[in-house]
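One chain, chain A, links the two complexes that follow: it is found with chain B in the first and with chain C in the second.
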Partner chain A sequence: MKVLVPVKRVIDYNVKARVKPDQSGVDLANVKMSMNPFDEISVEEAVRLKEAGTATEVVVVSIGPQQCQETLRTALAMGADRGILIKTDDKVEPLAVAKLLKAVVAEESPELVILGKQAIDDDSNQTGQMLAALLDWPQGTFANEVKVDGGKANVTREIDGGLQTVALDLPAIVTTDLRLNEPRYASLPNIMKAKKKPIDMKEIGDYGVDVAPRLTTVKVTEPPVREAGEIVEDVPTLVSKLKAKGAL
Partner chain B sequence: MAVLVFADHDNASLGDATHKTVTAATKFGGDVDVLVAGKGCGAVAEAAAKISGVRKVLVAESDALENALAEAVEALVVPLMDGYDAFFAPATTTGKNVAPRIAAKLDVMQLSDIIGVESADTFVRPIYAGNAIETVSTSDAKKIVTVRGTAFDAAEEGGSAAVETVDAAAGNGKSAFVSQEIVQSDRPELTSAKIIVSGGRALGSEEDFNKYMTPLADKLGAGIGASRAAVDAGYAPNDYQVGQTGKIVAPELYIAIGISGAIQHLAGMKDSKIIVAINKDEEAPIFQVADYGLVADLFTAVPELTDAL
Partner chain C sequence: MAYDQETRDALIEMVRRFVDEQCKPIEGQVAEEDAVPKDVVDGMKELGLFGISIPEEFGGLGLNMEEEVLVALELGQTSPAFRSVAGTNIGIGSQGLVMWGNDEQKAQWLPKIASGEIITSFCLTEPEAGSDAGSVKTRAERDGDHYILNGTKRYITNANKADLLTVMARTDQNTPGGKGLSSFLVETTTPGVTIGKPEKKMGQQGAHVCDVIFDNARVPVANRLGGEGDGFKVAMSVLDRGRLHISAVCTGVAERLISEMTNYAVERKQFGEPIANHQLVQAMMADSYAEAYAARCMVLDAAQKRDRGENVTLLAASCKMFASEMVGRVADRAVQVFGGAGYIADYGIERFYRDVRIFRLYEGTTQIQQIVIGRGLAKLAKDGQI
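Here is the complex of A and B:
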């Protein structure tokens, strides 16, 4: 079974995004970039499926600028077998990403595509579901546990109120939530090995897909700033302050 | 213009997120219809019909819809959208699961987790864990939107809309419901609670999480939340998680206990009206957003607070 894992290069999760003074967007110049944390969980899950003998090959794909090669190398160092970089310097919206991934699926014929549930830059939480719709595949979103067996994937999902398990016929789409696994750190030998693994260089034009943006950013502003309040001495002071405010 | 609102419910009762989504849909404009997809959900449809400003309620029932399987909801909604200009779903886990599937089938780019409606094609939404607010317009003819509940007031009761049955489409049959574990609780839902007490990794164990958080929550009639670190460590169940990718909350009072205040946690609670932080590390970032900070050991401060109430 082949597993496809799309990975996105995003602002590092420890970095606080700063809005540009001209309100055109977020300033990403000289900001540390990393693999989207949910995508790391996806890579980890795919590699574990391979280690368990369930998956035979793990292919990672990224869409974005040349530097996405580094993101792909990280995934290869974690244990993925090969990469595909679809190069573009333009912003690609989730619907367009889903269309490109559909074309990649047509070429690669994976039985499982594992995606992060959400990218921590645009916080859209759309691509996996959109890809599932375009392929007319079943989806198991916000996965907490994935079991692949006998042509089916049993996916336990984190939902409001608890957990839900669904059985999906393969091929299927899974999107990962935080508690699916804890991604490994790549070891130095594996980082060295990853340098020799192949990355196929592609252009958006190779896929004949309409990626024209549908959205226009009008402006990007700072959220209202919350002022730090006061440090109170002790519990009785806290209680009396809260009572005075009518909060208790 | 007409908007189809996707109801949040558990087949027995209608979720408050529906009322908030109706408010957002009303701001968008036009007629507002509510779709109740489920099974044995007649009471939910009755409740939806009472929301003020609703024109009519559509009810579709089937086994696959009982558990809101995305494939079945897509098959139901996509043909219905011939008669609507927009689809508004609450940004609950169900809404997030189904809306992009519908959007892709309609070849529409979805707008997720909106906090404002500027006009019929322009919306406001947080990005980068709420560290930036984007105003964005769409060129798509139909709008597919998920709505962040904390940003909109609940629509009031007082309507008397007609209830209509629609056929449930079969779906692609490639998915099936297996089981569900729902945490039973008499506590208020996090997303609509007036007061939330939220615990972090400093609580140290599941046992202490319950021992210290539960009595305080009981005294206050509060919902209980947790940081990602506490959930990852197994101190609290996953649906307690407040944050960028967990629940977004905005209660009147949020008491953060032993929570350091990572960007991702702040993203989920910084719109709370009053924030209290109890943490022994005076450098903890949570104090930068707290109205009242108490630098103290939670294992003494929390029981003292519980007794003082």
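Here is the complex of A and C:
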């Protein structure tokens, strides 16, 4: 069974994001970038499937600028077998990514595509679902546990107030949630070995799909600054202050 | 081996991430419990840290000196006790074998040292032989296919966890000084080898030093490193390389402390403004920053020169002397910038202050580095090279 894992290069989760002065977006100049944490979970799950003998090959794909190659190398160091980089310096929206991934699926014929449930930069939470719709494949989103067994994937999903298990016929789409697994650190020797694993270089033009943006970003702003607190003398003062603010 | 920039960046980034996520959050706990938790040690093994300086053919990464220095700079970003866990396998515990071992010895031990399956220690210091390392008294007397070792080694890092020791002992009882010494690989399971109780120390809780006592311990002749009489050379070549590694660790700790003091100084307000606005505080920050930068430049330059095959004895001694003294000054200023909080355990600054004190003592005290540099310079002058 072949598993396809799309990985996105995003602003590192430790970085405090800053908005560009013209409010057109987040300033990414000289900012540390790394693999979307949910995608790390996806890679980990795929590699575990391979280690368990369930998957035979793990292919990772990234869409974005040349530097996405580093993101792919990280996935290869974690244990993926080969990478595909679809190069573009333009912004690609979830729908465009889903269309490109559909084309990659047509070429690669994986039985399972494991995506992060969302990317921490735009928090869209759309690509997996769109890809499932475009392919007309079943989907198990927000996966907390994935069991693959004889042409079926049993996916336990995190839903409001509990867990739900769905049985999907393969091929299928899975999107990963935080608690699915704890991704490994790529070991230093494996980082070196990853250097020798193949990465296919592609262009968006190779896939003949319409990736024109559908959305316009109107404005991006910083979250409001937290106002200074106030220490009050006793509970009655607290209550009256809260009342005055309309909070009680 | 020199790796390409992208691979090198990825390696360093992974070490940094491990330090940030696995080590920094438990620095206080490690000091309190005087132990690095097993899962963190296992994590370091899985990461491949124990093998960074072991050649690739023996299962290590075979980093060159510059790359090892870059890793050490990252390891310096957290309590030095973490580095000490893998420190002997990377440095003094393995390098005698890497530089002086024969093919069989290397094949037998290095893969397990690289994986961290076995832990190594370096046994030079004795109760009466410290800075004067050539005065080692531990005896190794030939008896057929074996040497019989008798003597006591002192302050041996990781001895309580060690499986394999590199031991400097006197094979020629009639030759005083370094020329009478030889080096041996000694398994700690050898009958007659006992390890003392870990000493109580000033800092670096979580890392341990113990006595190692040899009482008629029989060591196969096949375990000798190099020839009879090479022992002092083995020890010095190991320490020469180790000095650059230690210098990088010192620099890393200094950089961590500079980040701590700066972040504190911009938050802490006195006289109506952040203390970072007070020029006398700025002076402490600026002096620390410039000195740490100087140390970083020195150690990277010396490492690059070593990788190019140059003799770096004077440079390595200069790095060790400067970086270890520098981090002492930086730690002292960090306490000062933190004020009373710098003296209170919860802030962790006093812990670093204690932790870094050892860097001026082991692997050659500052005075010994000065002697190495001074004598070296005089020799250069005599040879008309300076």
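Odds and ends about this structure:
Keep in mind that, in the parts below, the second predicted complex is superposed on the first by the 228 of 248 C-alpha atoms of A that agree within 3 Å, B and C clash if a C-alpha of one lies under 4 Å from a C-alpha of the other, contacts with A are read in each partner's own complex, and residues count from 1 in each chain.
Throughout what follows, a contact is a pair of C-beta atoms (placed from the backbone, for glycine too) under 8 Å apart; a residue touches a chain by one contact, two chains touch by 3 or more.
For clarity, every value in this text was computed on a predicted model and none was experimentally measured.
Contacts of A:Asn144 after superposition: chain B is touched, whereas chain C is not reached. When both complexes are overlaid on chain A, the residue A:Pro110 reaches neither chain B nor chain C. Touch criterion met: A:Ala77 reaches chain C, while chain B stays clear of it. Of the two partner chains, chain B is the only one that A:Gln126 touches; chain C does not reach it.
Taking chain A as the reference chain, the count of touched residues is higher for B when chain B and chain C are set side by side. Contacts of A:Lys195 after superposition: chain C is touched, whereas chain B is not reached. By the touch criterion defined above, A:Pro183 reaches neither chain B nor chain C. Residues 14 of chain A are contacted both by chain B in one complex and by chain C in the other.
Within the complex formed with chain A, the residues of chain B that make contact are 10, 67, 69-71, 74, 92-94, 96-105, 107-113, 118, 122, 126-140, 172, 174-183, 191, 220, 228, 231-232, 237-239, 241, 244-245, 247, 252-253, 263-264, 270, 273-276, 282, 287-296, 301, 304-305, 308-309. Residues of chain C touching chain A in their complex: 3-4, 6-7, 9-11, 14-15, 17-18, 20, 43, 46-49, 51-52, 61.
On chain A, the positions that touch chain C within their shared complex are 14, 70, 73-74, 77, 184-192, 194-195. Only residues 11, 13-14, 16-19, 25-26, 38, 93-95, 98, 117-118, 120-134, 136-142, 144, 154, 157-169, 172, 177-179, 213-223, 226, 228-232, 234-236, 238-239, 241-242, 245, 247-248 of chain A touch chain B when the two sit together in their complex.
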